[in-house]
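Look at the two complexes coming up: chain A is in both, with chain B in one and chain C in the other.
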Partner chain A sequence: MKDIGQRFDAIIIGAGPAGSTAAYHLAKKGYKTLILERGRVPGSKNMFGGRVYIEPLKEIYEDFEKKAPIHRWVKKERISLMYDESATTIEIESTKSTSFTTYLTQLSQWMANQAVEKGAILLSEIRVDKLYRENGVFKGVVVEDERVLADIIIDAEGINRLLLEEAGIVERLSPDHVALGVKEVIKLDGKNINQLFGLEDNDGLSWVLIGDITKGIPGGGFIYTNRDSISLGIVLMLGEAIKRIDRHIYLLVEEFRNHPLINKYVRDGRIMEYSTHLIPEDVFALRPPKLYYNGLLIAGDAAGLLLNQGYTYRGVDFAAYSGYLAAKAYDYAHNNGGPTEENLREYTRLLENSFVMKMLKKFSGVSKLMKKERLFKTYPELINIMAGKLMHIEYDSYKIMEALKEAKKGRVGWISLIKDLWEVSRKL
Partner chain B sequence: MSSETKVRKISRIEDILNNDVWDVDYEPHIIVDYTKCKNCEWKPCLRLCPAECYTMVGDEVLFSYEGCLECGTCRIVCPEKAIKWSYPKSGRGIHFRFS
Partner chain C sequence: MGLDIIVGIKWVPNTTSVNIDPKTGTLIREGIPSVVNPHDLTAVEMALRLKDKYGGTVTAISMAPPSAISGLEHVIGMGVDRGILASDRAFAGADTLATSYVLAKVIEKIEKYDLVIMGHETIDSSTAHIGAQVASWLKLPYIYYATDIEYEENKESIKVKRILENAYEIYRIKLPAVVSIAMHTFEPRRIKVSNKLKAKLENVIEIWTSKDLNLDINCAGLRGSPTVVSAIDFVPKVPRKNLIFQEKDPKKAAKWLIEKLLEEGLIDP
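What follows is the complex of A and B.
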C-alpha cells in the first residue's frame, strides 16, 4: 500500500449534512480539509422524509435562510389517525414557520459547496474502504490500495457504518434499532399543490398519518409539499416489520398513494423518483460506545444522532450540528496538544451541553412507544369509529362517552387505555 | 368493481424503479451465500428489500444487485447473515436526484 504524498489536517468521510458541516467549519478555521464522498455528487446517496428544522442551521451557516435551497416553509401541519376509509385529523396552521421542505440531495450539495468555498477539498466518487489505524491511533483512510493520512478522521459515513463495523467499534445494526423509510417523489405543478392543500406562495404542508396505512405495523405515512412535487412515503419500525409485514413493502407505499383520501391530491402527478433509507430509532442502543477515539470522531447518523419525537423526525439539524461540534472539538484538541482521545472527549462534552444530547435524552422513551402495536392500530381504529358514531348521524345520535364506549368495545379496556394515555403523555 | 380499479392504479415495482438512475457497477456489491439461504424459511428479504432485488424462482431465491437502492436493509434483516454487503465502488450504483 502506498501513501499519497499530501497529508491533511482532517479527512471527512461522507458529504452529508454532518460531514459537510464539519468540513465547512474546519476549512473556515484554516484547517486543510478533505471530504471524501462515494456518490457521484454530494447527496446522490442520501434521502430523507422531507423537512428540515432551521434554527440550529442558522447558527452554523451564514445567511442560511437566504442562500440554502429551501422549497417551502412548513406552515400547515396535519396529523391524521387513519382507519379504513376515514381519517381523524388535527391541523395546526400558523403564519410562522421554523421548518422547511427541500430535497436532501440538493441541500447536501449546497452544504458541500459551502465547505468548498471555505477551502475544503471535495473528492466525489471515492469510496473509503477502511479506516487506517496504527498502534491504536486512527491516522487515515484506505481507498483501494492507497492510504490518505490526516491528523483527524471525522466519520460521517451514515447509518450503515460499515467502516466502524470493520474497525470493530460497532456491531452489525440490529433491525430492532432502526426504521425503514420508503418514499416516492411525485411531480405536481406548484400552483396545483397550493390549490389542493390550501397553501399560498411558498408555504408548505407536513402531514403525518398513523394507522392502517402501515397495516398496524408501528410506523406511519408522511406527505411533504416541495416546490413542484410531493414527497409521499412510509416509515416502518424494521424489527416489527420483519415479524408482521404481509406484502411487499413497496405495496404499502402504493396503497397509501392510492388511498381514497390521499389519491385525490396526487392523481395528476407522476412519480419522479423512488428512494429508501434506514433511520436510527433506538439511538442509545445503536450508537457506538464512544463517539471519540484517538484520531477519530463520529458524527451524524453513524453516531446515532437523530431524534424521533414520535410525530416528527429531526435528522438534518441534529446531524449538521454534530458535525459542527466535531469541528469545534478538533479545534480544541489541536490547540491543546493534539487529537488524543483525552482531548477529543471535548466532543462529548459539547454534545452533552447542546440541544442534541439534551433532546435525545428527553425523548429517550419514544423508541419503546414505537413498538406498541396498540398506538398504531387500536387507537386509530377506536378514534375513527368513535368519530364516525358522532358524525355519521342517521336516526339516533350519540353522546361522546356513549360513542367512546361503543368504539372501545372488544378493542381495549379502560385500564389499558388510561395506562397508555399516561405513558404517551409522559414520553412524548 | 371498485376494488379492481384500485388495484389497477397500483404500479408495478419495475415501473416505479424506472424513474430512478443508476450507474451499474460491473461487479456486484452484494454477494448472497445461497447455501445459507436455503436453510431460511422466513426470507424477510423478499418483502423488505424496497427495490425487490430478491425474488423467488421455483424454490430458490434469485438476487439481482442492479436495482439496489443501497439502503442496507437486506443485510440486517437476513436471519442467516447470508448477505455480504458493501457499497458500490467509486460513484457507481444509485444516483438520487430529487430525494
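What follows is the complex of A and C.
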C-alpha cells in the first residue's frame, strides 16, 4: 500500500446529488476537493423515478432554475387507485409548479460540472475499496494498492453502502428496510406527449398509481413525462416482494405498461432504457448510528436521508441538501480546530434545524403504513367497485352509502375502515 | 532498455445501447455515450503487462473528435504513459484505409517505438482491418490473434503466441512489428487514482492535427476513403410473441420449448 503524492482537503465518494453538491460547496470555499465516482460518468449508477422538488436546490445552486437541465415543470398531478380494468383518479392541475422532471444522469452530470467549475477534481471509473482509518480517525480511502489521504471524507456512496458496511458502521441492508424501483424510459415525441396527457409546452405530469398493478404488494406505479420520453415504473417494498413474487419483477412493469388504461399512452413509444435501483424506505432503521465520525461525514441515500410521503418521494433535494450541509459542517469544523467528531457534530445540528430532519420526523409513520396491505389492495378495490356502482348505471341507480356498503361487503368492516382512515390522515 | 510500445484505441459508441434508424439506416447516436472499444482495452492490458515485465513506455494513440480525450484518460488511468489524439475536421468520414493512413503517420512521427499493439477489431464496425493496414503503411511485419508476447531483449525480437481454432502457433518476429491481440485474452486492469490524476492534471495528452503530421490530405478523411456503403439491408422485424414458461420444472420447460420451436418450424421433428 502506498500513499499517492497528493493530499486533499476533502474526498467525496460518489458524484450523485449529495456528493457533487458537497464538492461544489467545498470547492467554492477554496478547499482542495477530490470526487471519486464509480461509474463512467456521474449519474451512471444512480436512478430515480423522475421528479425533483426545486425550492431547496434554488438555495444551494445559483440560478438553478435557469441553468439546470430541466425537462418539464410538473403542473398536473394524478393519483389513481387501480382495480382490475378501472381507475379512480384525483387530478390536481395548477398553473404553478414547485417540481420538475429530468433525467437524473443529466442532473447528476450538471451538478458534478458545477463542482468541477469551482475547482473540484472529478475522477470517474474509480471504485473505492475501503475507507482508511488510523487510530479511530478516518484519514482517506483505499483504491487498489493506493491510499489517498484527506482531511475529511464525505461518504455519499448511495443506498448500497458497501464502504460503510466494510467499516463496521452499518449492517447489511435488510430487504424490509428498502424498496425496489423498476423503471422504463419510453421515447415519445414531445408533441405526442402533450396531446396524450393534455399538456402544453414544457408542462409536465406526475402520476402515481396504487392498487392491483403491484398485485397487492405495498408500493405503487408511477409515470412522469420528460421532454420527449416518459418514465414508467413501479416501486415495491422489497421484503414483501421477495416473499410474494416468484417470477421476474420485470414482468410486473411489462403488465403495468400493457394495462388497458395505460397502454394507450405508450403504444407509439420505444423503450430506451430499463433500470432498477434500491430506495431507502424505513429510513430510521437504515440510518447509521451517527452521520459524523472523526474525519467522516455521511450524506444522501447512504445516510438514509430520503423522504417517503406515501404518494411521493423526495430523494434528490434531500440528498443535495444534506451534501450542502455536510460541506458547511466541514467548513465549521475546519475553522474550529479540525474535523474531530465533536466539531463535525455540527452536521447533525444543521440537519436537525433544516427541513430534512423535520420532514423525516413528521412523516416517520409512513413506513408503517407502507406495510399495510389493505391500503394497497382492499381500498383501491373498494373505491373502484363503489365508483363503478355509482357511475355504470344500467337500470337501477345506487345512492353513495348503498354503493359503499356493497363495495365493502366481505372486504373490510366499518371499524377497520374508520381506523385505517384515521391512521392515514394522521401519518400522511 | 525495455520496450517502447504504441497502442491504438478507438472511441466507439457503446453499441449495446445503439439503435439503427430504420428509415435512414444510420446509427442513432443521439445521447449514446462512447467508450473505448473493449477489444482495445485488451491490447492496452497486453502493453501494460509487457511494460510491467520489461520496462519501457506505453503511448496510446487514437483518431477521433476531441471527446475521445476521456477515452485516452481512461487508458492513462490504467497505466499508459502518454496519449496522442489525431483530431482534425479533415480526418472525418474516414473508412479503414484513411484511418490507418493517419494512424501510420502518427506512429511515424512518434519515431521511437519497438512495437505497435492493436485490438482484434472494433465493436462498432468489426472489420479488423486497422492492424493489417497500419502494418502495410509502415512496411512492418504483422501478426494477429495473438494471445501472448515475450520480449527477447538481446535478439531485438518478440515471440508471439497466436491462437488458431484448435492449436497455437509461436512466431518469432523482428522488431519493430505490429501485433493485434485476440479478443477476451485479458481482463483489463482497474483504473488507479494516481494515474487518473496524472491524466487530468499533467498534460500527458496531446492533440495532433493535420498540420502536425506529414501527410497527404487527400489520403485522409472522406477524401481518402474509397469505401462506399451502397445499401444497408434490414433484417425484417418479426413481432415478438413474448411467451414465458412460468413453471420451475426444467424437464417440462425443455419439453415446452421444443414444442414451441417445432410449432414455429425452427427445428426439424
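Basically, the second predicted complex is superposed on the first by the 427 of 428 C-alpha atoms of A that agree within 3 Å, B and C clash if a C-alpha of one lies under 4 Å from a C-alpha of the other, contacts with A are read in each partner's own complex, and residues count from 1 in each chain.
Following the convention adopted for this analysis, contacts are C-beta pairs under 8 Å (C-beta built on N, C-alpha and C of every residue); 3 or more make two chains touch, one makes a residue touch a chain.
Just so you know, these numbers come straight off a predicted model, no measurement behind them.
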In the superposed arrangement, does A:Glu125 touch chain B (first), chain C (second), both or neither?
-> both
Does chain B (first) or chain C (second) touch A:Gly39, or do both, or does neither?
-> first
Looking at the overlay, what does A:Tyr250 touch: chain B (first), chain C (second), both, or neither?
-> first
In the overlay, answer first, second, both or neither for which of chain B and chain C A:Glu146 touches.
-> second
Which partner does A:Leu278 reach: the first (chain B), the second (chain C), both, or neither?
-> first
Classify the contacts of A:Gly5 with the two partner chains as first (chain B alone), second (chain C alone), both, or neither.
-> second
Could you look at A:Leu104 and tell me whether it touches chain B, chain C, both or neither (first, second, both, neither)?
-> first
More residues of chain A in touch with chain C or with chain B?
-> B
First (chain B), second (chain C), both or neither: which does A:Phe48 touch?
-> first
Touching chain B in one complex and chain C in the other: list those residues of chain A.
-> 40, 125-127, 247, 251
Touching residues (chain side chain C, partner chain A) in the complex | 19, 33, 35, 74, 77, 190-194, 196-197, 200-201, 244, 246
Contact set on chain A toward chain C in their complex = 4-6, 36, 40-41, 121, 123, 125-127, 143-146, 148, 247, 251, 270
Sites on chain A touched by chain B in the complex = 38-40, 43-48, 103-105, 124-127, 159-160, 162, 172-175, 178, 180, 182-185, 229, 231, 238, 241-242, 245, 247-251, 254-255, 258, 263, 271-278
Given the complex with chain A, which residues does chain B contribute to the contact?
-> 6, 9-11, 13, 16-17, 19-20, 23, 44, 46-52, 69-73, 75-77, 81, 85-91, 93-99
